[in-house]
Amino acid sequence: MKLELADAKKWIDLFIEELKENKSNLNELDTAIGDGDHGTNMDRGASAVVESFAKKDPENLTDLYKATAFAMIQKVGGASGPLYGTAFLDMSKAVKEENLELGELVQVGTDGIKRRGQSDVGMKTMIDVWQPVSDALKAESLNQSVIDEALSKVKGLVATKGRASYLEEKSKGHIDPGAQSSAYLFESLIKVIGE
Amino acid sequence: MKKIINNVEDIVPEMISGLVKTNSDLVRQIEGTTAVVRNDAKFSDNKQVGIVSGGGSGHEPLHAGYVGDGMLSAAVAGEVFTSPTPDQIYEAIKAVDQGKGVLLIVKNYSGDVMNFDMAKEMAEADDIEVQSIIVDDDIAVKNSEFTQGKRGVAGTALVEKIIGAAARSGMSLNDLKDLGQKVIDNTKTIGIALHAATVPAVGHPGFELKDDEIEYGIGIHNERGYAVEKIQPSKELAHELIEKILADFDDKSGNFAILVNGMGATPLMEQYIFANDVLNELVDKKIDVKFSKVGNLVTSLDMQGISLTIMKADSSWINYLKEPVTTIAW
Amino acid sequence: MKKIINNVEDIVPEMISGLVKTNSDLVRQIEGTTAVVRNDAKFSDNKQVGIVSGGGSGHEPLHAGYVGDGMLSAAVAGEVFTSPTPDQIYEAIKAVDQGKGVLLIVKNYSGDVMNFDMAKEMAEADDIEVQSIIVDDDIAVKNSEFTQGKRGVAGTALVEKIIGAAARSGMSLNDLKDLGQKVIDNTKTIGIALHAATVPAVGHPGFELKDDEIEYGIGIHNERGYAVEKIQPSKELAHELIEKILADFDDKSGNFAILVNGMGATPLMEQYIFANDVLNELVDKKIDVKFSKVGNLVTSLDMQGISLTIMKADSSWINYLKEPVTTIAW
Amino acid sequence: MKLELADAKKWIDLFIEELKENKSNLNELDTAIGDGDHGTNMDRGASAVVESFAKKDPENLTDLYKATAFAMIQKVGGASGPLYGTAFLDMSKAVKEENLELGELVQVGTDGIKRRGQSDVGMKTMIDVWQPVSDALKAESLNQSVIDEALSKVKGLVATKGRASYLEEKSKGHIDPGAQSSAYLFESLIKVIGE
């Protein structure tokens, strides 16, 4: 399946809402194994996306993902800004020629994160949500339990990238904040496309 | 939490504005950013490789305090403990490029590395030659496949001093990058905390220590360290840190430089007492210290604590360290 | 109490030893004392009136951090918050006299005044010409027959800078004394505390403030101030202190200099935010600030707090303030 | 009456003992209305006096008072160092020619303190013990109640000299630490000469 502009816009809008609602939750997760700002960072990005859309309504998918990317890149900072920013920027570039299948599209975003973060699955980062979601979308089988499972797997991992990695073994038993914000992203997607 | 601030969201812009207003002969702010650039007369007189650093705020005087003749060309301030964004770094790179390229000095945190990387890509698209070095002097974290790698902490100030002096003397971009990497490889730091920092947006200390406890091996963002132990006399603390750091140097001959760094809320009095103990023990160990520096150089908000940096230094580095600079805070 | 020290009795000698060891190109210690004297080459090249200051320890970098070309010739450190003894001051006077006399810069505390006075008498017996000026910039205490007079606080650093620069330029002892008195008369300071200092020998903070309280008008030895109130945003604090200080100046035209001074445990971040608010309000009030300085210049151990100094300054004083110096900490 | 060397030495020795015993008491008094170090300061002076006597036993009254003065001046610092130092130095000079009557001698010390401190009675300082004691000695009527009365008077005063003066009205109701250490001095004297 492919997302058309209206639905894609709805997806991002819902994500923004989730980020605003869960700011302190994400901060708490980041306090446990990071530096306590992931909620604040993503909230700043969310506000920037809203502002960007208000200034100029995206006219096509490229615009939509690009505006999202730029807002994240320019306002989030930290690790998550360039990571989400790169994911959406690469997705924006990918849909310039033709609208991709959702699974392909999210895989492009996932690959962008891997490239930017020099990281891969199993390192207890947002990738551990993005990759299984990409796979499920490609198999047209994305549902809540895919996300839940991904999160519970993440919880058991020892971090080897990002701030949480300094804690080594002690990072186990905590949900990675970037994985959680990514879970909000794809839960928003499910709300748009159904399970 | 008691802090002398207004709104939490305005901390960084207000801080930068205060710094620029009180030092307008030295630095200026790039409009629309929290990046600070050299504003002295010598800046345009002496064309050199631009040196740009930056990172999350909360480590003052790092980095903006080190902008000036003989040190940084520009510094980019992110939110508290959060890397600045690529567009701000990009503006700083553009502002200091004098046709000889720009070197980025980046502390080893994923956010900093990625944001500086993106800025580098943006500047390269403008045909500006950009290189970067990643400072990772904190030996409390072991560099292995299991971590992000060692963190960049207080040694950053020494790297900025040496690179800044070398750049002023006319060294090329590639040579500066090589020099920077060599300096970083020979710079090792370890820190202790008596009391954690309070991030303004969080409102309480990052972790709790009992009234007789200290934490060994902390980072500059309230990252916890490798051990919590009872506080010891300064002599013993110095001994513990020296042993840990020297174990990491294979060759203990030649020249050394040290930095005793206060974490923000530790009085100079204690820093000098600690420095005295460090130097006494290094004399006993026949380590030849040719340069030493004491003060709040790389802080962590209101953290109470101290870090020790030891650098095995070429004699030219010692000269670079000693050269006078015109900055707010070196 | 958690402090990075060894024995409480050894704090001052160990601190001085650390300071001298890490700055041996700038200063040396007079044997058998805790007095620190210029050790740079220019000291013997440029014969000038010797400038000696000192006082109890715990205010670092004051005074030893200001010894060097263009500022103090020597600094004498007493025990924590206790005036140094006359024999130590006397040794410092002898060490810096170059035949042109010596000016003593003394903070207005009975102990300091009396000990410096006795040292002056001792030096005069050796036919050394000695004069002294008493800094009393703290307007939180009213100078009346009911008190010892106003205290000497952060403004002391500005006085030392101006007098040091003037002495370097060759000004005579008597002119320096007159200049010093004029500067002092035009220098006014007021401070606030968020948390009191802990004197090492006492082991607990000098007074307690609640988690949302600050104290207005504190001294630099844990002396309590004129009011305890709820903490306000930085803007409001700046407003309160500015109003108090400006009310003490009859003439608000001409040039002004300001100093935003951290009390020891207050991060630079907060100091710059406060400085930003101060300068914004002074612009609104059409006060023409020609020089500003921000930092931990005159501290009170680990006190958390800040002070504001405003000086109505002749344009020559502004130049003296701006002249470069070679000291550890200016 | 006049003090001979042995008794004068006993007087100073007893004073030293009192200071050592009451270090924290004097610190407490100074914490209330000063900076908390009067006990530590006087204790440092006491040790210095002991050391000086150990090095060289004073051979006459001049030596005795001078050694006491120098130890105080060189080791105490603060306000009390020059004040006690000046008092004993002036007393040492005064007995150089001839041994004075005790009342005269202590008046010389009192005058030294007044000169050095630019102060007088009623300012809530050590002078408010020294002066009434001088007067009583001159009238050959020194006893414990003179000292007790002086201290209780001091308590009611508002300080106008020394650190306590910054407290203005709030200094009332506290014993001045320097007055208390001076009380120890003259209680020691009473132990030597009797009431």
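Going in written order, the chains are labelled A, B, C and D, and every chain counts its residues from 1.
As a convention for this text, a contact is a pair of C-beta atoms (placed from the backbone, for glycine too) under 8 Å apart; a residue touches a chain by one contact, two chains touch by 3 or more.
Chain identities (UniProt): A, D = phosphoenolpyruvate--glycerone phosphotransferase; B, C = Dihydroxyacetone kinase subunit DhaK.
Everything numeric here is computed off the predicted structure, so don't read it as measured data.
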Between chain D and chain C, distance of the C-alpha-averaged centres to the nearest whole Å: 31
Rounded Å distance between chain B and chain D, as computed from the means of their C-alpha atoms: 54
Distance from chain D to chain A - Cα centre to Cα centre, in angstrom: 77
Chain contact graph, described as a line, ring, star, complete graph or other shape: line
Touch relationships between chains, expressed as pairs: A-B, B-C, C-D
Footprint of chain D on chain C - complex, ascending: 56, 78-87, 109-111, 114-115, 117-118, 141, 145-148, 151, 199, 201-202, 206, 219, 221-224
Complex interface listing, chain D residues touching chain C: 27, 31, 35-37, 40-41, 44, 73-83, 85-86, 116-117, 158, 160-163, 165-168
Contact footprint of chain B on chain C as seen in their complex: 1-7, 11, 14-19, 21-22, 25, 57-58, 60-61, 65, 194-195, 211-212, 214, 231, 233-235, 237, 260, 264-277, 279, 292-296, 299, 301-302, 304, 306, 324, 326, 329
